[in-house]
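Common to both upcoming complexes is subunit A, partnered first by subunit B, then by subunit C.
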Partner chain A sequence: MEYPEIDAYASMDSPIHRFDPRAKIVSFTLLIFSFVFVNEIRIALLGFLFSFLILLISRLPLAFALKRIRMVFFFLFPLLLVMPLTVEGREVLNITGISVSFDGLIFASLIIIRALAAVTLALIMLATTRFDITIKALYALKVPGTLVQMLMFTYRYIFVITDEFSRMWESMECKGFRLKANYHGLSIFGNILGMIIIKSYDRTRRVYESMVAKGYSGKPNTLVHLHMSTKDYVLSTCMVGIAIFVHVYQLMFTV
Partner chain B sequence: MIGAVEAIRVKGLSYSYSDGTKALEDIDLTINEGEKVVVVGPNGAGKTTFFLHLNGTIKNPGGDVWVFGKKISDLKIEERIHQVGVVFQDPDDQLFMPTVFDDVAFGPVNMGLDEKEVEMRVHKALSKVGLEDFEEKVPHNLSYGQKKRVALAAVLSMEPRVLVLDEPTANLDPKSRADFINLIIDLNEIDGITTIIAMHDVNALPALADRVYVLNKRVVAEGSPREIFSDWSLLKENSLEAPDVFKLFKVLNCFGYSSDDLPLSFDEAVEILTRTIEGTEGHIHLHIHEHTHKEISDVMNSYNHHRNGKE
Partner chain C sequence: MHISDGVLSFPVIIAGWAIALLLNAVILWRCKCRHDMAEEIPKISIMTGAFFVASLVHVSIGPTSVHLLLTGLLGVVLGIMAFPAMLVGLTLQAFLFQHGGITTIGINNVMMGVPALLAYWLFRYGYSKGFNPSALGTFCGALGMILSGIFLALMLITTGEQFTEIAYAVVVAHVPVMIIEGIITGSVVTFVMKVRPELLPLEREV
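And now, the complex of A and B:
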């Protein structure tokens, strides 16, 4: 079974991997917000190039990163086709009465470039830290406990549930079941999903019982050992600086 | 035992699940400190349900459970988990934290221990179960046997005085099974932890039991492993089995081999055989009489209830 492992390359070594996870989360989040709110296409492009540069520095295998970034691109690609037709603006082409607008084209590109920059950054952030450490960093950053616990359990049990699903699927295939898009196939598929939900519900109860057996009383309980060094401060200051600079620059540019 | 300390005392415990399933009826039992007790019973007999009462996970106003003389409902959480630790059947249910370290540290952190102490206990518990370098591992990358051992470590780190294990040997390979059994025996004999175990694995039972309770909604019988395994009708009525060696020696008895003690384990069998053969000048005598066949088929029928349906 292939797991959806985002942190498969977390044990590599690079300046980004060595970046303190708390500082990483804060600076990357700021950068993401900063890039997403840019509304000048040239600056957005610079932001994207910057994200890509960080991707190179992080030494994550490009195939691994591109596979995920590509999905976002395919998801947003239709905008490039739709927006030039729907957004009012300077006309570049007129195909038999349908006008293709330049502004629509620019606007669609802006959205896509911003999204790609944000996704690249988010990917680097998550892929260069082991997920359990990301969770601990969130906890250390005083993100609300319920939220952290939800993330934690999702991460822990997504694998158990994937295994459960694939075991059920295999046993159905062994009994000759082939998924077809007809009434029978879909209703069986629905049954499986239902079973997964019931099993998960049962499991939730047992997990809760075993948590109570270990004295759980509602607080997430872990020990967090993270230490910021000078280089973490320098690196995060640079990144926050870039996040702010982008907007200052944009103000000067547009005024 | 004289002067023994009562570790667990249960009186008149009954329990029904919310859907009406009657799981336990009027359970009475006492387990002393330092004892090794095994609870046997068919599937659905209520063993797991009973264990959930021992650490207060199921809150049951209708039954009384005392732990070292205190009512379990009166204990504070930290106290309760320090007295009784339960290792459940499925390790995936018990390893819910992102890493092995966090899982083993979970109990101690809840007990309010300081960081140094928590870390020390995690190291100690993991080395007890033979997984020293596993702290940073993620549970989903462990094998089933390793998960089982981490689950045990996660309970040992709370340093409980009573250790309750639900089917510890199920699904383990022979080596892991033997290791796990020896580990439990060591915990009992060296660390003085009282162990209460539910298991279907009768061949491993004698090593883990000073005393056996047969549970089938109610306590059906209580006694030493030898007493329980000698009671044919008891075993049959409760869908239980005797160890293979024990049954084999029963058959040998029909062939005229005479020994007072029937062995419960392989090692014991070797020992007894050696002793008898030495005592009878170097050989034993087996024979077949007319009534032998009848006796053997009686023995077979009394134990092999899984074949009865076909006969």
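And now, the complex of A and C:
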């Protein structure tokens, strides 16, 4: 199993890496929401190109980014095959009574482009900041502390449990177990899962005690200090501006 | 099955966020009143981590492979805290693995969190009536899965009539996964009842 290391390239240097994490989260989130609700395919395409431009500026390795963006494309690709057949509209092609509609094709591409733009932006947002600093920025943005702490601990323990799970999985495979979709395979897998749950439950006790011993009281303390510079204000204003402009432009376009 | 960005319409997304945030606020507030949050936070987080890792396992059926959601199991093990745990899990999944979407975290949370809550209540009720826990587990696991599928289909239909056929296909596609999840949940519940019965929130309030 692979580790979900999203911030593997956070130590690089680029204008996006230097962008204040709080401003980054706010402006990128606005951009994501703005691009996702575009209804015009040309504007959606511009949004996607803009996201890709930011990806180039951020100098993240393209292989790393594309591997993750690709996932969304594969996930949504079936729409491109199904929607032209199911959506009614202008017919481009008629194969023995099955009509392929142009509107369906456009609609499916619109969905895919919007999703790709959103995922590219989300990837850049997280990949250019160390995860602990993102968490600190979330506190600074007044996201409820309980949720932020849960996010932080869950992220941290995903790595631990991945190791534990891989160990158990390897030992099962050594004994000849293969996961197949039959009753035997699934009920054995259920036992592995039950064991992981019990192990994790036991771990929670030890983790809690060691955290309390180190002074944990349920309230977060972090050592990172953030401050906004003029550059951050300019960059975030530009991004928010683009997020709003896209929708104003769309209104003018349709009226 | 999560919904990706860019599929649903604006009102559906907003409604999803509103319901998800409201339910999370109520549940966390209730938990804060009854328990010490300093103890609950690491506990729920580590369990969420375990479910997150488990949901990365793919089971191959014929030519395709599905990954587990474990909606019902999450509800049975974590009780009402399954709802905020689902929010955290979905957020991490959207950002770390690009599964599902960012704008759709709210609606996905409702779609999978509400069946988890129903599975929990049903499991507790059934257990107090003296039903066999293994059979109940199987039923709750299957129920959690098929309810998620039905919710997903309903959301697709409310978004637009272009999605009607896809919505039917989605429900049908959930049936094999429902059987798989049912068997797994039943077997997990049997195992946990044998090894560490106090782990399941049957006697205590969550």
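FYI, the second predicted complex is superposed on the first by the 230 of 255 C-alpha atoms of A that agree within 3 Å, B and C clash if a C-alpha of one lies under 4 Å from a C-alpha of the other, contacts with A are read in each partner's own complex, and residues count from 1 in each chain.
In the analysis below, a contact is a pair of C-beta atoms (placed from the backbone, for glycine too) under 8 Å apart; a residue touches a chain by one contact, two chains touch by 3 or more.
This is a predicted model, so every value here is computed, not measured.
Enquirer: Subunit B versus subunit C on the shared subunit A, clash or fit?
Expert: fit
Enquirer: Once the structures are superposed on A, label A:Asp132 by its partner contacts, choosing first (subunit B), second (subunit C), both or neither.
Expert: first
Enquirer: Could you tell me if A:Val207 is touching subunit B, subunit C, both of them or neither one (first, second, both, neither)?
Expert: both
Enquirer: Once the shared chain is lined up, is A:Tyr155 touching subunit B (first), subunit C (second), both, or neither of them?
Expert: both
Enquirer: For A:Phe19, is the partner it touches subunit B (first), subunit C (second), both, or none of the two (neither)?
Expert: In the superposition, A:Phe19 contacts neither subunit B nor subunit C.
Enquirer: Check the residue A:Phe75 against both partner chains and state whether it touches subunit B (first), subunit C (second), both, or neither.
Expert: It touches subunit C, and subunit B stays clear.
Enquirer: Tell me the contact category for A:Ala122 with respect to subunit B and subunit C: first, second, both or neither.
Expert: second
Enquirer: Tell me the contact category for A:Val87 with respect to subunit B and subunit C: first, second, both or neither.
Expert: second
Enquirer: Any idea whether subunit B or subunit C touches more of subunit A?
Expert: C
Enquirer: If we overlay the two complexes on their shared chain A, which of subunit B and subunit C does A:Phe189 touch? Say first, second, both or neither.
Expert: Touch status of A:Phe189: second partner only.
Enquirer: Give one of first, second, both or neither to describe whether A:Gly215 is in contact with subunit B, with subunit C, with both, or with none.
Expert: The answer is first: A:Gly215 touches subunit B but not subunit C.
Enquirer: With both complexes overlaid on chain A, what's the closest CA-to-CA approach of subunit B to subunit C, in Å?
Expert: Once the two complexes are overlaid, subunit B and subunit C approach no closer than 8 Å between C-alpha atoms.
Enquirer: Common interface residues of subunit A with subunit B and subunit C?
Expert: 152-153, 155-157, 160, 203, 207, 211-212, 216-217.
Enquirer: If we count contacts the way the header does, which residues on subunit A are in touch with subunit C in the complex?
Expert: 1, 4, 6, 29, 32-33, 36-37, 68-69, 71-72, 75-76, 79, 82-83, 86-87, 104, 107, 110-115, 118-119, 122-123, 126, 144, 146-147, 149-158, 160-162, 165, 179-181, 183, 186-191, 193-198, 200-201, 203-204, 207-208, 211-212, 216-218
Enquirer: Would you pull the subunit B residues touching subunit A in the complex into a rising list?
Expert: 52, 55, 57, 77-78, 80-81, 85-86, 88, 90, 92-99, 102, 105-107, 109-111, 115, 118-119, 138-140, 154-155, 158
Enquirer: Going by the contact rule set out above, which residues of subunit A touch subunit B in the complex?
Expert: 3, 130-132, 135-136, 152-153, 155-157, 159-160, 203, 206-207, 209-217, 221-223
Enquirer: In the complex, go through subunit C and note every residue touching subunit A.
Expert: Touch residues, subunit C against subunit A: 4-7, 10, 24, 28, 32, 36-39, 41-50, 52-54, 56-57, 59-61, 70, 73, 77, 84-85, 87-89, 91-92, 94-99, 101-103, 162, 164-166, 169, 176, 180, 183-192, 195-196, 199.
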